[in-house]
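Lettered A, B, C and D in written order, each chain numbered from 1.
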Amino acid sequence: MDMKVAKKKLALKEKYRLLTRDLGWEPTYQNKDEIYPYTKYEGIRIHDWDKWEDPFRLTMDSYWKYQAEKERKFYAIIDAHAQNNGHLHITDARYLSALKIFLQAISPGEYAAGKGFARMGREFPGVGTQVACQMQAIDEIRHAQTQIHALSNYNKFYNGFHAFADARDRMWYCTVPRSFFDDAVSAGPFEFMIAIGFSFEYVLTNLLFVPFMSGAAYNGDMATVTFGFSAQSDEARHMTLGLECIKFMLEQDPANLPIVQGWIDKWFWRGFRVLGLVSTMMDYMLPKRVMSWREAWNIYGIENGTALFRDLARYGIRAPAGWDDAEKAIDHMSHQFMLGLYQWSFGTALHSWIPSDDDMAWLAKKYPDTFDKYYRPRWEHIKKLKAAGTQFANYGLAKLCQTCQLPIVFTEPDDPTRSAQREGEYKGEKYHFCSDGCQHIFENEPEKYIQAWLPMPQLFQDPIGGDLAAWMDWVGLRNGKDNGDFDGSEDQKNFDAWRAMATSNQ
Amino acid sequence: MQIDLRTVSIQPQRQAFDHLVRRFGDKPASRYQEGSYDIQATENLHYRPTWDPDQLIYDKSITRIVMADWYALKDPRQFYYNTYTLARARQQETTEANFTFVETRGLADMLPEELKQIALKVLVPLRHVAWGANQNNTFVCGYGYAAIFTQACMFHAMDNLGIAQYLSRIGLLLGDTEALDEGKKSWLEGDEWQPLRRYIEDCLVVRDPFELFVAQNLALDGLLYPLIYERIVDGHLSSRGGSAIAMLTQFMSDWHEETRKWIDAVLKTAAAESEHNRSVLQEWTAKWGSRAASALLPVAQLALGADADEAIGEEMAALKARLKKTGIEI
Amino acid sequence: MSTVFIALQTNEDTRPIIDAIVIDNPNCTVNRQPAMIKIDAPGSLTVRRETIEEQLGRAFDLQELNVNLITLSGNVEEDEDTLTLRWNS
Amino acid sequence: MAVVSTKPYVGVPRDLVANFNGKQLVYACWDQHLLFAAPFLICVPPEMSFRELVDGPLTALMQPDPDASAVDWSKVEWLKSNKPFTPDFDASLAANGIGHKEQLRFITPGLNSLLAAA
């Protein structure tokens, strides 16, 4: 028998190279441009795909092993939560509105992102890039499913969750994240990576998952905190992928810089608008709060974002164009959204409410320059209307922004007393925007954004023709159950009754 | 604050999400159903793709297969992320144990040199084939329609990658990094591999997701896995003292057994949908099946020599019999 | 100097990891939040396999971090012995 | 700028006036009155007179604001597409040049019960 020769011990990087990147080859029977037909048209120049740095060198064996461990933990908690009436542990049923937004508006985005990453996992010519995208694709399927599973038990006991699949395609506030993901998925592969991999994952998801999920824990919702943190552990890989991808583009060719900067500007603003909903979830919908939206922004937006853009400055990248406008909006946006949600609550599959005195004291403390001055007077008046038996409902519906699709609830960056209005014309049609940022995005690609499906104008077209009851039916909203003021709702009554049963011996 | 809650029995307000009640009636839904049905956006897609303005973001018409409801393509394994990942993690533990067993007992070194050479020659270049399969299934997931079908394709793609990595480890175990270099050289230049490489590269330009599904998962892998892992490794090599190799490829054999049930179910449902689908599937399976058979012949010869012809003939007959059960005759 | 951070779930698995990070990064700040521990450090932060193994008393694969990791910031450099987060300016 | 794409890229707007069965959209925003979270979206026929728009849907929608009853329409200042505009109350929307998706903004100086000036 031959002498045993000790095998070379392979370092992680080398092992990963052999087990992953070395699997590909230069094709000779087919033209590379036909195999990868979408890599050139956006104008990004890549000279050497081998220069790609792999983020987190996971091979499939480790992937299966660690992900299975996460999954076992997650479903153990979800099962226990379902078996032990875990829903009665939450601080207050008001909190459920945040979860309803999550399921209707955010979880479908996870699925869409998965679809996008599957495409990128095939369209990029480098094996390292492909595999990183594929892992993200399968992770995103995971996120959509764990979220649906975690919230499924709430659906059995509370209103507003049951029609999330219909809401995703038809409900007015759901088109905000839907159009965001549709925008990304309909873009080319490099832009998609900036949109989701970089702007959404790296710059913004910390704001979505970390402080809000910490808040879920604080409010006794172990199901949500578990899916949140479990998903976010995948995001750490995804964020690193996003950052590596942007560095790769910038290092490959100086001509890529202006294109990449344009996408950063666009997608930062797109993402910032989508995350506005999260500001309301944090400031208004958590009965017990860990930190305000402003405080979260200071940590994850300003501190982390500034560090990131300072780091990228060596490539010539500057902070996104909308950065200053975003900062000016922080102390206003959650209040502006909640006022909107409350007055249009006849058309939401979630409840909203007038903040209590206690809530308002907290908001005043967290927003010393804005809440008492601008927003408290409105809430006090709304309270009076309700006390007089003329609860405020704004049947005027709302003008929507052609780009971000949000109702135009925002004020001028430098004047919180004036509603922000921007408009433009393209091929003889008028279009309206909520901000310079959104108008700019439209004007860069008007043929794209004129196609936007805007839910409020659609309500007056066929098949609904302006009939509110028909619309409710069409979006799966059951009037008097899913919508309206939390005060007096079925959710409130049921939760209080069940909790009373569970905490007494009667 | 932790409240001590008494266990109480509360009547649920409803059993399942609306879209599942519409499909399955008013009863509790399984986690597979919750995680798979209707979770892809279907209406009011906002923008045309810039990468192909003739398509919709999710477009049923980019394949020739027509389904009234794409969610009919149920996975008999009912894999969603959790059940998939747990199943593979268990198999991975077994595989790891097998590799450790072979390594620690020096079984690789005890292999007859001739068998080792056959294993290296046949198995190592196949890691590139598995990577091609990964590309193709990723494509089907990316552009196919409906989560129930496409999620299974993504799982399949990750399995393909896992298999490519196991094959690489077999190469490293039996012949170190040089084996991988040699294997790649054969893949790129060796005459016996060129028809198969051409097959894979031709698949990489097919942009009908369902055709690609047929070309890769049914035609090519439907011949390749029984040929390589059952016939050559478990049969030919094991009977000559190479069962250590079979330990290292157990994952591939088990995996093929499991996944073919899913592939057959997909084909059967699609073929049963209409005469149009059946004839398209017949056309594709015939075309790609015969190409796959001839591409695999020189590979089979590496191990089986003159018996390769007969082996391929038998595998092709088996594939035809398998197809017949799904309602497709070639 | 920019701050990097790493956040981990609060549980028994992460206790020795956090102890190890604190040992290896004397400049770091540990913030305990509901269900989560966030560790900030100026400029860079290094997670060392060896230190974790000392705290844990068993072999540890750095990729096990994936199971309880919540989030991080900074450029990631990873090999089998260390995971480093760093801002370059 | 043009959309960058692999093939010619043509978008079709979804809110063309032709889709509204003879009606059109008008947006109206009461300046400095942010009890109303966003400008109103009103769907009306272009033959409707400006007065009918004001006395009808607009007045109805404004009621929840404490200033609603104090509005003197003869003193209201109007902006159309952000430019000063003097409406003819008796003429139709069309004759007033108020087309589909027109944005009207109206200013009622001195009325700002719920909003102290910045």
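As a convention for this text, a residue touches a chain if its C-beta (ideal position, glycine included) is under 8 Å from a C-beta of that chain, and two chains touch if they have at least 3 such contacts.
Not measured: the values here are computed from a predicted model.
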Chain whose Cα mean lies nearest the overall Cα mean: A
Distance from subunit C to subunit A - Cα centre to Cα centre, in angstrom: 26
Chain centre separation (subunit C, subunit D; CA means) in Å: 55
Distance between chain centroids, defined by C-alpha means - subunit A, subunit B (Å): 33
Multi-chain contact residues (two or more partners), subunit A: 37-38, 41, 69, 188, 448-449, 451-453, 458
Contacts with 2+ other chains: residues of subunit B: 47-48, 50-51
Every chain pair meeting the contact rule: A-B, A-C, A-D, B-D
Residues on subunit D engaged by subunit A in the complex (per definition of touch): 1-6, 9-16, 19-21, 23, 25, 27-29, 31-32, 34-43, 57, 61, 64, 66, 81-82, 99-103, 105, 112-118
Of subunit D, residues touching subunit B in the complex: 3-11
Interfacial residue positions of subunit C with respect to subunit A in the complex: 2-5, 7, 9, 33-36, 61, 63-64, 66-76, 78-80, 87-89
For the subunit A and subunit B complex, residues of the former touching the latter: 1-2, 4, 7-8, 10, 18-20, 22-30, 34-35, 37-38, 41, 59-61, 63-65, 67-69, 71-72, 74-75, 84-85, 88-89, 108, 111-112, 114-115, 118-119, 121-123, 127, 130-131, 134-135, 137-138, 141-142, 144-146, 148-149, 152, 155-159, 161-166, 168-170, 175, 178-179, 182-183, 185-189, 448-449, 451-453, 458, 476, 494, 498-499, 501-505
Subunit A to subunit C touching residues, read off their complex: 11-13, 55-58, 62, 66, 69-70, 206, 209-210, 213-215, 217-218, 225, 229, 232-233, 235-237, 239-240, 243, 247, 290, 303-304, 306-308, 310-311, 313-314
